[in-house]
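Just below sit the structures, each encoded as structure tokens.
Next come two complexes built around chain A: one with chain B, the other with chain C.
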Partner chain A sequence: MADAQQVSLTIEGRTVSVPAGTSILEAAKVAGVLIPHYCYHPGLPVAGVCRMCLVEVEKAPKLAPACATAAAEGQVVHLYSDPALDARKAVLEFLLLNHPLDCPICDQAGECELQDYVYREGRAQGRSHEPKRFNPAEDFGGDVLYVTNRCILCTRCVRFMQDVANDPVLNVSERGDRAVIGKFEGKDLTHPWAANVIDLCPVGALVSKDFLNKSRAWELDRTPSVCPNCTQGCNTILETRDNVVVRMRPRTNTDVNHYYLCDEGRMDYRWMNRTDRIEAPLVRHGDRLVVSGWDDALRAAALHLNGKRAFVLASPMLSNESLWMLSRLAKRSGGGGGFRVRLGTEAPLAGVPDLVRRAERAANVRAAELFGFARSDTPLAGMKDGDVLIVADHEMAAADASAIAKASAVIVIGTTMPELVTNAIIALPSTNVAEEDGTFTNLRGRVQQYRQARSAPGMSRPVWWSVGDLLTFLGERAGYYLASEAFAALAAQHPEFAGMTYDSLGLKGQALAGAVAGVAGGASA
Partner chain B sequence: MGFPHASHAKETPVLSQYFGDPAARTVAGWKQRGGYVALEKALGLTPAEIVNVVKDSGLRGRGGAGFPTGLKWSFMKPGDGKPHYLCVNADESEPGTFKDREIMRWTPHALIEGSAIASYAIGAETCYIYIRGEFTEPLAVMNAAVKEAYAAGIVGPNAMGTGKRIDVHVHKGAGAYICGEETALMNSLEGKRGNPRIKPPFPAVAGVFGMPTTINNVETLVAVPHVLNRGAAWYKGMSHSNPKSTGTKLFSVCGNVAKPGNYEIEMGFPFKDFLYDLCGGPTPGRRFKAVVPGGSSVPIQTMEEAEATLMDYEGFVAQGSMLGSGGVIVFDDAQCIVKHIARFARFYAHESCAQCTQCREGTAWCTRILERIERGHGTMEDLDTLLDLSEQMTAKTICVLSDSCAAPIVSGIHKFRSEFEAHITGKRCPMGATAAA
Partner chain C sequence: MAIQVKVLERPIRQTSYVRAMLKGMAITFKHLANPHKVTWQYPEQKWDLSPRWRGTHRMLTDENGKSKCVACGLCPQICPANCIKLVPGEDEEGNRYPLVYEIDEFRCIFCGYCQEVCPEEAIHVGRHYENSEYSRAGFVYDLERLTAQTHPVCEMWDPADPRGE
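Up next is the complex of A and B:
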């Protein structure tokens, strides 16, 4: 296909060239200019209703909505001319007419686009002497609470449910300034992706019941991460307050999850804050596991493993680095490994190609298989009598109990003590996804980085670190200081990862060599 | 004809000739009165020929905007492989306007004939007549007439026996003012909420059901058969002031006049004559104070302006207002201008579709300020605020509803400022009026 025709225009004195058909608002982003807006969202159909993005286009008879006006050759666009500034100031005053000034008790405060723009460009003093409209808040179902009075009727939520989720639950009810967002009779926001309306809402009208009154936005530390809860690999932001994960939200990646995150995924973060953790290396003395130093515990583990087959039960929630290191441990002893995946229901987001809450409820199934771990409902079936069983943060099921008894010894590497494992000789504390840097490989073979969001409890370490040291004790040098070094070593040995580094992955990830490129659209190629 | 009054000698009853004549409602009665001759003639012409005649006649849209009808039809490109649609805007909801209502009540076949000609001219096989929800009698009359026209083979799969398909559907609106806005009408017709759409795309590119659509006012379409029958030159001849305004125009007159009703005059007729002669002047003992000449959306005129006006598109603009829909609302000296402007604003606040911020919030805010002034609780700063808000409600939104709210406010404050100030300084309405609750 020939290159799309380009047009060049000048926005705030900066000339940019964009494909014909691009809106002025998107062209301005290319020019590095943010045109204030509320109703426009790149993932939704254009509504053009908030009128916040009115800009002055030279030679045009009136101000143009930047979201709904196509960039044209030679256009000269002014964002800070008097007419444009006056129009924005007026829109802000109109929006505040009925908007309560309850920022001190509003969850959105600090990340509210109304607050931001009023602070930047609004009037210092409103001119209204009239009473404000009042409507009670309404439970919209799911995780969503509608605080009616704060709503600015941008209709992003309505359009998301209608055009992206294909589940038209929401509407604009009534007219004029009596208008509110309504639910259709007998419907609730129970769609598996419905909570995205909370992120889409530019103000505090749609708020999360889960996050309600938990934290002020400015108290949160934000860390780029990847949702560990299924094989889709949605990009996320992990938000912590005082070292506790309090919210997980989508991070834009148009190759994977666009702007969205499913409800189940976003709600499933509490386990990252578990307090019943293994916090120090433990070594069995008689009938008790006793706190030990890392060196002593690793030396003891090496003694048990020396000359024996190791069978590794590896959690598919572990990072590429950790799974690779565990696979080295199994291979050098001639042993094997396996894993089991917890399954759930699939839930596609209709309006985005290949964006599905996947049935496999673990992030790294693809890498576990890639590194030779066998997926099975009875993963211990491959273990031989007398093997040393290494349980690497894997969940145990009742069916595993009899198999565990066949092991000559059990070594636990994990965040918590696995159920049913009563006779571990050594337990090595490990970090979870929120406490380490690492990478996952999603079901389409996209390798994506996540970063440490909270400090690791006690003496716990990433699995790749403790297993690397263990290998070193066994005579195979595999000590790395940084996750990026472990990843570089992995990439050097596995051609699928050839050329990848943490720098090249960035925060958007890269597809494995030979993998279906990019999630979106790749499947249909 | 000044229905319900007898025709005045200075009127030119073309469209309104058969108002009050129930016999004109049937196919047979309509044919006796020269009906369906133009349709037969039209179906023998090419669409382009019809468009050219209409272009030559100078006919302009009678819904309010005054866009040249022939030019609008020429936007419909033949042979694009898409179904074309004609929408007839019979939603006549502009306060003060009731001409289309009478056209449909008395001469439904005139509308069917005009619609069929227009459908053929723009390459449409389907025509939707969107009738305002409150128009129960016109709806019943139109439904009966369409049924009869189908039975007589005038419209349908073999219109007038020519083998051409022209289907006419009558659709009843649900009574929202905004559904008279052309794109909101289309949304409503499609079963969606009646919200105006962003333009572009214009209806001629993507209108109803996303297909090329022409939308015309009732009065525009009923003029078309006359243009075809009697020729563009005859139609163009009915122009006494500006040659860009041709033909006859129906004006609906209401308010404080002796003889309210519908009057049909030729373009360029003196407004002074119209008010004092045709409409019988003020009621006994009263004097005119102000006129809103084109439906509630246009600026209010002082009597000096009104009496200097020649009634056509340009003439009203020259005297500080607009022709609009031709709904003439007359106020005499017993009326409180503040009260009436507040009432207009309340109407727009009630009817705003709630999409655009300026309109949703601005119409309601203006209403509250105006009603507060009317109750005697206003301040001088309120007048500045109203003018500033009106400025921000003009030319900023998807459709012109908020502009329509602003026009009477701005013109009212500029032209009748002393009345506003009297309310503020006297802390009460000097006329003793009270704004509608």
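Up next is the complex of A and C:
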């Protein structure tokens, strides 16, 4: 865009320069001014139906919709002049003719744009004496419930299904004041990305059945995270209430997932709240695993590992830091490692290039391969008789049982005790993605950071921490206090990660050196 | 060396208790006969509370006997003492209602904000002051207990005295 012609305009007294063709609304964002709007969304085609973004442009005959008017050289735009304020007040009054005042029972309350703007700029008292229109709520299929009365007909959902998902299920049925969002005959919102209409809806008309009545928006603690459920690495916000993850929503990153998150990823957060966890280091005494302290357990593990080959079965759901530390543990003894990936169906989002729910249902397959773990359906095939097997939060299959028996000892590092492992000598509790800071590398080689959203149960520690301490017991310097320190050490040793730090990654991530330039998260400009 | 204590010799009319006792008994008998009493014969005789009295809570119910609360979450939000615990849920008809609604009356400071903020006029502070319990846990009123209360509720403002003068 560097060679595109620039135009400069003044919005609310602030002069900005934007490429020609940018809408006034987008130009205002650059200037740090939010023009109230409902139907406009940066990921969707412009519709211009809500009339909320009307602004006064000097020397123009009438108010202009900011979303559909291109910025032009020398424009002077007023957002808070009397005509613009009056127009918005009138639009809000029209919207409230039929929008019920049921904020106390509406899930959107607290994150509702209608509520915000009416509170800020609307009328204190309604003037309508007519009864409000009433239609029953309708189940749209998938996770989506349509509460007809609350709809303000911005058509964001219609445009998403039509132009982004390329699966036109929704339409505007009826006309005039009877207009509602309807489904085409015999169709349901079963598209694998359909639940995005819930986030797109500016009011509480499209609500999640899963989240319905679970919590109020203002009670949630929000943490930037990365969806761990496939290799795409969509940026997310984990929302917790009283230390329980209750919702996962997309976080905008135009290099990876734009504004979207697939339904399966969005729903797959419950395992983060599992309560059947290993909460303390366990050491085998006779036929029982006995609770122990960290030092005792690590010392015992170091005794078992001393002089033996270690074979690491590493979960591809672990962070870069953890996988790197596990690979060091395997390499120092001349051992190896492997992992298995759970596969599902692929589901692309047609309107966004390179945004697909990937078949590999694990976040960090790329890094696991990078650190020398062999991907295989029989990951234990590489293990030799007499190796010490380290199971690092890896899912076990029935086929592994015979291979486990070959190991001289089994050490479990994990969130839960794998059912098939009955003879573990030591079990070390670890944290899951919601309970630690860390980084994932997505399939295009983009390294992205996630943050701790809830407190870790009991004495559990991130894998990189416990394995680092274990390496220290084995005589290697590997004790780190912070995930960022572990990552800095990793970046110093691996040229692909050269120059990366938690600060440079920020919340949008960075591509690995030499990663194939791809639209979804690869080397971006 | 013994300490020298100065003993004052006083006349008998100053040191005798008879006069003082008679004076005291006179007051006692005067009050026995006096109709102008200030002592309340509690618990037989109860105090007439102000309509704006803010005491222990009561949850009002609809005509079916169900609590009017829709679990909007405003009262736990506004509560300065953080004494309201609310977990929202859905009933059989799909209506929003509180799965858990508990008020810790021990922690409550009886400011009445919960009643003021309630959009459904469900939770009220009551005109009630007899709250003794045998245990601390007894002061955590659950939804069942709050709806079972029958005492009159606070009128946040007195219609006869709208300016609160």
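We adopt the following convention: the second predicted complex is superposed on the first by the 514 of 525 C-alpha atoms of A that agree within 3 Å, B and C clash if a C-alpha of one lies under 4 Å from a C-alpha of the other, contacts with A are read in each partner's own complex, and residues count from 1 in each chain.
The working rule: a residue touches a chain if its C-beta (ideal position, glycine included) is under 8 Å from a C-beta of that chain, and two chains touch if they have at least 3 such contacts.
This structure is a prediction, so every number in the text was calculated from the model and none was measured.
When both complexes are superposed on chain A, chain B and chain C end up sitting side by side without clashing.
Looking at the shared chain after the overlay, A:A87 reaches chain B, while chain C stays out of its contact range.
Look at A:N213: by the touch rule set out above, it reaches chain C but stays clear of chain B.
Judged by the touch definition given at the top, the superposed model places A:G475 against neither chain B nor chain C.
Put simply, more of the residues of chain A are touched by B, taking chain B and chain C as the two choices. Of the two partner chains, chain C is the only one touched by A:P104; chain B is not. Residue contacts after overlaying the shared chain place A:G186 against neither chain B nor chain C.
Taking the two complexes aligned on chain A, the least Cα distance separating chain B from chain C is 26 Å. Comparing the two interfaces of chain A, the one with chain B and the one with chain C have no residue in common.
Remark: chain A residues 103-105, 109, 212-216, 218-219 touch chain C in the complex. By the touch rule above, chain B contacts chain A in their complex via residues 176, 178, 193, 198, 349-358, 360-365, 368-369, 372, 381, 385, 389, 392, 395-398.
Contact residues of chain A toward chain B in the complex are 46-52, 54, 61-63, 65, 68, 86-87, 90-91, 94-95, 97-98, 127-130, 152-153, 155, 171-172, 174-179. Residue ranges of chain C in contact with chain A, taken from their complex: 70-74, 77, 88-90, 95-96, 119-120.
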